[in-house]
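Just passing along the structure, written as structure tokens.
As written, the chain order gives the labels A, B, C and D, with residue 1 at the start of each chain.
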């Protein structure tokens, strides 16, 4: 069992009607994607063709920040606010979509973009599935 | 002139059609609000009645994270993506609204909540004005 | 293979003399600990005895921020600076030590503190082992 | 009076022996430097000679993250831990020194690097002065 799953199980109060599995999946996907995007931005920086990757780097940096914040917001349950959660998940899905699309264009040439694009797709899916379950 | 204004002026490429004044105001409001919310969460923690302030602390922490990320996203112009900017600004306005409403309830009793509520209101307004100007 | 491991393998240039296994372990421990600390701060907030947990919450918030930044710095290899890496790892080990000590005091009573203390211990160890390997 | 100063004045408990002016100056310098570094990284990305600025971008990203975390840690006073504060300030001074040195090399050619180098110098000085006052 992951630490995120253990922490969810150890939450002392009720989690409300949230789907615990979708929540855990989304928290883990956000932190995984944040790390992948930070690493991908740096790997792009080290490429000889960095001048062709500046949009990818910017998208990586945005996505890393948004995923990080989303993972933090989702890790909090006290004083839950569905409106805020929804808006943050929408922003995260948008960031992951943009970054996944951008990285995918370089996936054939750069393995780091291929791995990062997959992390973005997983995180976008996790955000949308959690959004769907919020009703 | 603030450092944020100097950095905007020093950006070597075109900023696109964005309203530079509204952008600068919003960047500054985001960083100011992020700091105020981190400080307010901690000041609430130090209150004897902390048990009555747990929703305020949670809202502060969310708002600090969202404002911080929004300030970072808005500080980047290369590879600009209007969809992502809009979604992030919507999330930030929602976070500032929630935190401003919550802090305002304690503003009469806690000066830190009063100051923080004002920072949240300024930041929410700045986000909405920038959103409006994006067309 | 984790995404962090895949991203390390995909880095296009040489990683220098760094111990890749210790680096990967430390990156993963930082993100895991950052998430655990954010969740533990919130779980403490939801406890009826929150007034007795304010130092724990503060330490959790500090540790979450420091681990997050350390995980990001360690995910970058381009333009590596050993002095900065060392200073960041020292700060992260100090944050994890403080948070692990604090959470351990409540581990018998609060499962979230027990899980979080373990994440802090793992992260502190990973930081010290990486520090040791940097020479 | 800045919001950071108002929040410090509104802190409901004693701040301990800390020099309040140096603390406020350092908090403000950290957030200012974090913003400048995020903006400078992006401005470097938009330069035609981005391939010559990859170390500058990496140093900017590290410095933005470390300054942001330092500003947050310094905004918290409840459960104060001098060891952690010192380690974080040392890491922040190291990050600002590295980024200031790197940006200074490009200050004659890039106005954003000149402005950013100055923000880094101010923040490094503020960290060292606060460190000195901690005894």
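Heads up, the rule we're going with is that a contact is a pair of C-beta atoms (placed from the backbone, for glycine too) under 8 Å apart; a residue touches a chain by one contact, two chains touch by 3 or more.
What you are looking at is a predicted structure, and each value in this text was computed from that prediction instead of being measured.
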item	value
Chain located farthest away, centre of subunit D as origin (C-alpha)	A
Chain pair, B-C or A-C, that carries the greater number of C-beta contacts	A-C
Centre distance in Å when subunit A and subunit C are each reduced to the mean of their C-alpha atoms	19
Centroid distance [mean C-alpha coordinates] between subunit C and subunit B, Å	27
Subunit D: positions in contact with at least two other chains	41-42, 45-46, 54, 57-58, 61, 68, 72, 76, 78-79
In the complex with subunit C, residue positions of subunit A that touch it	3-4, 6-13, 27, 31-32, 34-36, 38-43, 45-47, 64, 68, 71-72, 75-79, 110-112, 114-116, 119
Residues on subunit A engaged by subunit B in the complex (per definition of touch)	54-59, 61-62, 65-66, 68-69, 72-73, 76, 78-79, 81, 83-84, 87-88, 90-91, 94-95, 98
Touch list for subunit C against partner subunit B, complex	41-42, 45-46, 48, 50-51, 54, 57-58, 61
